[in-house]
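Here is the structure we will look at.
Chain nomenclature is as follows: A, B, C and D, assigned in order of appearance, with residue numbering initiated at 1 for each chain independently.
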Amino acid sequence: MGLDRRGFVKLVVGGVAGTLFTPVIWQGLDDASIWSQNWGWIPRVPKGEVKAASALSKLCPAGCAVKVKTVGGQPFAVTGNTENPMSKGGVCPVCAGGAQLMYSPARVKSPMKKVGEGKYEAIKWEDAEAMLVEKLTPLKGQDGKIAAISGDETGTANEVLSAMLAGLGSTGYYVMPGEMFTASKGVKLMGGNGQPGFDIEGADLVLMIGADALDSWGATVANQKAFAATRPTGAEATAQFVYAGPVLNSTASVCDKFLAVPPTATTAFSLALANALITAGAVSSASDFGDYKALAAKYTAEVFEKATGLKAEVLKDLAAKIKAAKAPLVIAGASFGQGAGALDFVAGASLNVLLGRVGQKGGMTLLPAAPKAIASATDRENAKDAASFLASVATGKATPGALLIYEANPAYALPQAGDMAKAMGNIGFKVSFSTYMDETAALADLILPAPHPYERFDDAMNPYGVSKPTYLAGKPVVAKPVMDCKDPVDVLLAAAGKLGLSLGFDTYADVIKAKAKAVGADFDALANGGIWNGEPKGGSLSLGAAALAKAPAAKADDKAVALAPVSKLAYGTGSLATPPANLLVVRDTELLGKDLLVQMNAATAKKLGVASGNKVKLSAGTGEVKALVHVNEGVAADTVAMLLGFGRSAWDEFTKGKGDNVYKILTVSDEAGTGLKVWAGSTVTVAKI
Amino acid sequence: MDRALFPDGVERCSFGKFALWMAFITAFFLFGLYAMIVIFAKGIVVTGLDNYFGFGLWITFDLAVIALGAGAFFTGFLKYILKIDQLKNIINLTVIVGFICYSGAMLVLTMDIGQPIRAWFGYWHPNVHSMLTEVIFCITCYCLVLVIEYVPLILEQKQLNKIPFLHHLAHNMHVNMALFAGIGAFLSTFHQGSLGGMYGVLIGRPYAFRDGFFIWPWTFFLFVLSAVGCGPIFTVLVCTFMEKLTGRKLVDYKTKALMGKIAGTMLTVYIFFKILDTWAWANNYLPSVGMTFDQMFYGVIYGKWLMFTEIILCGLVPAIMLITPSIRNNPTLLYTAGILDCIGITLNRYLFTVQAIAIPVLPFDNWQTYAPNWAEWATSGMIVAYGFLVMSLSYRYLPVFPQERAMNK
Amino acid sequence: MSGHAVKEFNITWGMVIDLDKCTGCGACMTACQVENNIAPMVDASNKLRTLSWMLVFEMSNKKAAPEAEIAYLPRPCMQCGNPACVPVCPVVATDKNEEGGIVSQIYPRCIGCRYCMAACPYHARYFNWEDPIFPKGMEKALSPNTSARPRGVVEKCNFCHTRLMKAKDKARQEGGNPEALADGAYMPACAEVCPTGAITFGDLKNPEHKVHELAKGENAFRLLEKLGLAPQVYYVSKREWVRKLGDNYAATGKAGAEKKHS
Amino acid sequence: MEEKKQCKGCGGALPFVIGFVAAVIAGWVLFPDLIYSKKTQPVRFSHKIHQEQGMECSSCHTFRDDGSYAGIPTNEKCMECHADVVGSDPAEQVYVEKYAKTGKEVPWLIYQYQPDNVIFSHKAHESLECTSCHPDMGKNDTPPVYYENRLSGYSKQTMKMWKCERCHAENGVSNACHVCHK
């Protein structure tokens, strides 16, 4: 008798009923849910011993002394080093995500050779180094044929680089523009020499003219710590902070007072303040006080109001505050850390002289030139700027055959970036020593990957802004780099050797140890998170009246508005695109999808006939930038503010093509009397599209 | 060809025509099914929901259909417990509508949660303090009750009913229907309320938060009332829609008017308390948390007009229309009132779901706006299509309308 | 009403954030993302889909230049004494039962219904829209302190709770009392990294911890005090407009909220 | 009518019973074998031999200074003795060749494997006997077979949440979520 439909149904029903009395369904459900709790494609977290190693995290310009946390030897997080007197346990937003940057998709994974427009092929290190030597050999001994651009302000690598060039008979060693460069020039104009420092810790009133000291200017974390020390939570503040600049930026947001000064009026502001102080009875023993007084007198309340768009009372109040202060300090600098020219600096610094604050506690100091590890290296203050160099390459005045680029991104981070990138096209052989595939590396003929800071030895001498000589050094955290890279300095030293030039060292580590010795510091102590501090030197400064006399009066241009580039450390720097761990920090009022936003106050927007959300084109020189308007009352009159660091054309999926590069519309002009290139206070024309 | 399956003595359209109609509906259903698969595969990132709008069209849809499906339990309650016998003419329809609404809502919920595989956690790890737990339990239990109420109807299908066992089963189930109706009424009252409670307890959402009685915020009771205030009339609308579609008379107008009267009465009670509640909320509660009535609204998309439409145009007006015999007895006006009523309740659910979370409670935060995207529309549409399919089949093959035969002589 | 009473604990981990010190640099957000294994997003400008357990809001006094002022407000989870999110969870994926008063969120239990998100007026809760896929190799740099969450669950700041567990173990190892940690022995990543020390962290109930006094300061306030959620996160600012923006003052018009200490 | 007759033929409840029994057997006998896959340790590590050398459990399974638990030792520890072959056991050979020499850590299978979302402090449970949670490995010459659930990926011995909770409850320890989850 066959099993008919009914019988079959019964069988099935029985089966189902039976199953209910077994673990199948229940455990199946349970295991399924457990499965959903540990999906195979969800990354597992590492296990192992958690340790912390001291490191010098030179991801931000000043470098943070940090502790890198590792699990099973693998870096995963960064915390402050509380023992280090410079960062006092603080970490900047970039270094906070340093461990993740080791695995940035933008990292150069191995040496690469250009094989066509935007095409590269990975090559072996021996071949790469051989290629380097081979290309340099014929240029050896011809001045100007080999050039080098360094984007590292503080490392001793610069000594190796400049000494190597000198040894190869070239003087073509250039640095990327920065405050350190212009400030040192400014000091010269004031009859002194050395790198200026600012003792924020000791001051009871800090006036920052332009300088975004609490976010992107100088040794940020040290500045922030000094600021914080004067503001114990829940108690009275022990110092006042005033910010005079084009944008209500991070620094201004926590200052007691913000004065919206257009970037074109910085000098005028300083001198008008000088005038107000002098009228209030300030005198200086400086030799050129007479001329200075006469000069300042030209900057009357009216001139001030016209130049800055602020009320004259504001200036009076400020002068009164300063007068009342025991230890006032003035810090002058470009609001975005470069291009300000020396006069803006001199005008600001002269106030310190006028107030007799030079060399005082809580005043402005001068740092002596640090002893060198390599005698033949170029002195820091004699460095030449890369912007002028590439400008002359563009015009054919300079014709280098080879360009070595160390930790710098000139193709992106120089004014009129577009032209600069073009200019590089005139150079036959370009080598980029870079950790990441940046815009410059993308143009290079040979890319030699550099290790991430946690994979290498490095040091930092006198980061700009520190009030006394300061030296930091660090050693690798991990045994070997995660990519196939070599320390650029080691590579250079080897190449030099092959070119028959001995600099007396084989590795960067040795160079740094020698440097430490020369300085009188203990390398091991430094490598373990320590610091070396010296004493600032004395020496008086003039008021720089002679130089200031040449300062052009701020001219009001009705068609164009002033451009105030804004630099936020968290969003990266010229040589570092926004790190993956910092993407969240960028506001949607700054970058929206692929559009950068241009900030301006309602009055300016009205004047320009634009409104929030409008798409506009900003143009200056040969460059233009597109952006969306965002009305922001924190921007000075007749000024538009835009963030630097976006509009990348290389890097990774997180940054490439996001926003636009504001460097493209910074226009360079020659500064009267100083021969410097300046681009702070560039103006742009804004057109709705 | 399928004539043998029709209920006794009634006419149905040709099979070809029917097939065509089913195909048409199925198209929508399949599109929704596609969307559902995409959602299960990629997660709800494919929807228009976001950090500010964790709830959106789906939850609104659920709450709305559950409210509209309330005709089932309430009519059942009146018919079996209060013995209003006339309702037998429409009770079957209310059951089917209820079944469709609830089963549909449950399907939407499984899509709505981020981890459908863990859906059963709601029963295994229940949090007794959560109104949502109450909802989960009541809805599933009540859905079972509706199945039990629906089954005998299926068993009464001409052919099935020939099988003695099924015949008797159906009969016995009918006998005990009062019991199920009772359970149903109890369960529904609770989850209808809990749905309101869900919002009423949101202490962080001034638009929705309400004080209340014992553990139940006032919204608990308001939701129950509003549900019974629209459920019955929704059934009437469905019925009338079917009559227009099939060109046959299915339920006599007297019954419809009665349903209208029932809904109207409940709606009137509801709207009275709703107005009181809103007034107290605006004048006592909001000031107590430092907010103003105006702060609750924004532009056109979340403007005051919504609240006025909900309470006055689609609340007060239909209530008056439904309790006024002269208006109620005019078909056109009855249906108009019914439509307004249903819109009002749906709008109420939308406002509590979406507007409540659109308001920036943090003073330095901004309003955000929400628009459902294709995936949400398609899946919601799938449920509607599913409803049409079930209803079409039931109408064609099951004896849903006891009066049909007589009325179409 | 059920679940609507402030829960009391002997230890109450809390924060006091000094808004006059916060420069909005974002280090806290970065440190948080690193500590808690939040994968980088290709479009991080879509703030309606990002995961930011710690989020720095920008507040403005809404005045025209030159009176314009801004302040930055870091917003972790408030770990409310009377949380709106906990009683609503249907599956007990979140609770506030542990000594210290930290509101938990359990990813393997969460079914992703998002009811808690609807409940939280601080937007401290986030839905994991997509699986945490890191750029190739970056998963090697994951933190051991937080499990990676699958898509479809809700997640939020938990004051880096794993650090609390580790601090307790350290105390045990050193023969100390894990239930009486010294000030600073346990610190969330954001508080630890903040370069201006704007975030002070500790036990609000313990007189030996700085936060104990700071939370009582005249300029201290809590967000949306009037709603009665009793957050364990306090803010401090000398600027009145900032304090006013911390709560809705339509009714009283006065700044600085009446203090209910949890 | 046709059907009715046959139905009589097919022995009333018999098919039902057959189905029922078959299912029960399948569910209790076959299913457990199907759901778990068997695995053996990468190296046949003998706790017995090591104990006979007079080693304490704690000489390998140690606490670190920060109170965290080292768990199964890494190469660093093992190589203190086994940098090179010291004994005659082929298993040692395997270890030295495949791991000690290559520097690759041994992918030991953890019988009490817990997923990432669980945080367990051995320090807090120090007062308990290891064997109250772990299999008694001490006397083992050959490590027991490792059963891995094919679906959930857990070890058969993985302690399930209800067990942790029960013990906590019995000892008056909090069962708050974060006590065990991360």
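In the analysis below, a residue touches a chain if its C-beta (ideal position, glycine included) is under 8 Å from a C-beta of that chain, and two chains touch if they have at least 3 such contacts.
As the structure is a prediction and not an experimental result, all values here were calculated from the model.
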item	value
Top chain pair, ranked by how many C-beta pairs fall in contact	A-C
Chain whose Cα mean lies nearest the overall Cα mean	C
Centre-of-Cα separation between chain C and chain B, whole angstrom	39
Centroid distance [mean C-alpha coordinates] between chain D and chain A, Å	52
For chain A paired with chain B, centre-to-centre distance based on mean C-alpha positions, whole Å	61
Shared interface positions of chain A, touching two or more other chains	32, 34-37, 44-45, 47-48, 50
Sequence positions of chain C contacting 2 or more other chains	47, 50, 58, 60, 92, 107-109, 131, 145-148, 150
Per-residue multi-chain contacts in chain D, two or more chains	66, 68, 115-117
Chains that touch, pairwise	A-B, A-C, A-D, B-C, C-D
Footprint of chain C on chain D - complex, ascending	63, 65-68, 115-117, 119, 121, 123-124, 126, 174-179, 181-182
Of all residues in chain A, those that touch chain B in their complex	29, 32-33, 35-36
List of chain A residues in touch with chain C within their complex	34, 36-37, 39, 41-48, 50, 71, 74-80, 87, 89-93, 96-97, 99-100, 102-105, 214-215, 220-221, 224-225, 227-228, 231, 233-234, 248, 250-251, 253-254, 258-260, 310, 314, 482, 568-570, 580-589, 591-593, 601-603, 633-637, 652-654
Chain A-touching residues of chain B, taken from the complex the two chains share	115, 117-118, 120-121
Chain D - residues contacting chain A, complex	3, 6-7, 9-11, 13, 15-24, 26-28, 31-32, 35, 64, 66, 68, 70-71, 74, 115-117, 149, 151-154
